[in-house]
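Below, chain A partners chain B and then partners chain C, in two separate complexes.
What follows is the complex of A and B.
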């Protein structure tokens, strides 16, 4: 798994590549936590190149969403691929996550809400 | 019976409800077994209980496919329970009793299960087996780990309205899917770290022109929402890893479509094969972790 971070005004976009599972979920959580520690709590997770997530990956997302929302921000998902969307659906996570068709819409959603 | 500890890498297998579609679990077991991954514990719910029992007995894929074709036939539900219908139509006149209410006679089903499993007891299966059912009085998930295997499967597969509940001890039990269609929590409570969960969504009805299909649609809505909410909690709460296998069937599969068993097995095997590279890496990491703990 690789994480590439870019900044769009006050919003940090974390583009993730590969699978998210128990072998690397800590690394992802730390990537998110590092951004949050710097006060960046408006995050977008670009999932266009994520092909799998397990329960450990779901826990990482859940922990990050909670941290961001507690600090007044949010973690928003973009470009979720069908196989990952199915896992998010069946594990009930689509009911609590904000998911957008692409990064642009996810980034703009923060501006619209402001 | 003292069970021998499993040698080599192993996972806990959970097979959810899904009628004949649960035969996909045979393909999952085959994919695991072909690469030397064992099963240290198996949990089954409703239709999945039948297949979990086969896994716990150590049956191979061919034997389990044969059992499915022989037991999961339309014949097991073909015999009407006339008293059930009379009690439905005139409950006061014929004396409605929850403990015996079902519109189908369960004798053919029991005979089919008994022909496969005989008087096997759950606590004596080579692989630890947990079968789940639902307490009719309070909706609790009931975990059956001892007693007559056939009675437990029958209780777990007590499709509401079709088959009467089963009295086990002081509990009246109905279909396990009413409490949790994919009871991963049972494996979690047993301490399992790496869980492979084979689950199925209930199909929605496309053409609802009878009360039966109307009821099936209501049941599917409830079951699928329950599946999602339970999985959400279990994903968040699990201390290890849960690998979800959710076979998607392009062909429509009916409740007793045993002609599709080879197709179901193939789809289950394909879905499992996609997970194998990660599963290997995960089990290697688990082995290294355990070696570090015991060193």
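What follows is the complex of A and C.
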């Protein structure tokens, strides 16, 4: 798994590549936590290149979305692929996460709300 | 039939998932089913790695994969995960409430919930010699015509 971070004004976009599993989910949590620690709590997770996530990845997403919202921000998802979407659906995460068709829409959703 | 016995530690997860990938290649199993089988194996094996043995103690985990087909019936994969740790029935875990709001949402039991939803049958037995035996079955779609 790789994480590539870009900044769009006050919004951090974390583009993740590969599989999120029990071996690397902590790395993902740390990537999110590092952004939050710098005061960036409006995050977009670009999942266009994520083909797999286990419950370890779901735990990382849940912990991050809770931290962001407590600090007045949010973690929003973009370009979730069908197999990952199905796992999010089964876990009931599609009702708690804001999911957008692509990064542009996810980024713009923050400015619309502001 | 394929079988691996190894120590129940996270470092062995790639080997276990590799065995699933090999079987899927060999049996021409489609990508969507391979995805589900890998997720099932990760969740079941990681539960053993995290919870079966007391902290600091390394015990064994065995994973067996079989393709079964009774006359005329659909092919299915039978996965068996064995460990000799403390007796624990993963199917005794209550399903998480997937409708709760984010602040109340717990993540315990999510792995077993995924296993239940992505497979067709699950069975747990505490065996006198083998220890915990968790069996999961998943039906396979008929192979695509060539």
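Criterion: the second predicted complex is superposed on the first by the 114 of 114 C-alpha atoms of A that agree within 3 Å, B and C clash if a C-alpha of one lies under 4 Å from a C-alpha of the other, contacts with A are read in each partner's own complex, and residues count from 1 in each chain.
The criterion applied here is as follows: contacts are C-beta pairs under 8 Å (C-beta built on N, C-alpha and C of every residue); 3 or more make two chains touch, one makes a residue touch a chain.
The model shown is predicted, which means the values in this text are computed figures rather than measured ones.
**Student:** Do chain B and chain C fit side by side on chain A in the superposed arrangement, or is it a clash?
**Tutor:** Clash.
**Student:** Between chain B (first) and chain C (second), which, if any, makes contact with A:1: first, second, both or neither?
**Tutor:** Neither partner.
**Student:** Looking at the overlay, what does A:65 touch: chain B (first), chain C (second), both, or neither?
**Tutor:** Second partner only.
**Student:** Is A:33 touching anything from chain B or chain C once the two structures are fitted on A? First, second, both or neither.
**Tutor:** neither
**Student:** Go through the superposed model and pick first if A:90 touches only chain B, second if only chain C, both, or neither.
**Tutor:** So A:90 meets both chain B and chain C here.
**Student:** What stretch of chain B clashes with chain C when the complexes are fitted on chain A: 74-82, 92-100, 146-154 or 236-244?
**Tutor:** 236-244
**Student:** Per the definitions at the top, what is the overlap between the chain A residues touching chain B and those touching chain C?
**Tutor:** 21-23, 52, 54-56, 58-59, 62, 87, 90-93, 95
**Student:** In the complex formed with chain A, which residues of chain B make contact?
**Tutor:** 199, 201, 227-229, 231-232, 234-236, 238, 240-244, 246, 278, 281-282, 285
**Student:** For a test of understanding, state which residues of chain A touch chain B in their complex under the given definition.
**Tutor:** 19, 21-23, 52, 54-56, 58-59, 62, 86-87, 89-93, 95
**Student:** If you look only at chain A, which of its residues touch chain C in the complex?
**Tutor:** Interface residues on the chain A side: 21-23, 51-52, 54-56, 58-59, 62, 65-66, 69, 83, 87, 90-93, 95-96.
**Student:** In their complex, what parts of chain C are in touch with chain A?
**Tutor:** 10, 13-14, 32, 35, 38-39, 42-43, 46, 49, 96-103, 105, 107, 110-111, 113-114, 117-118
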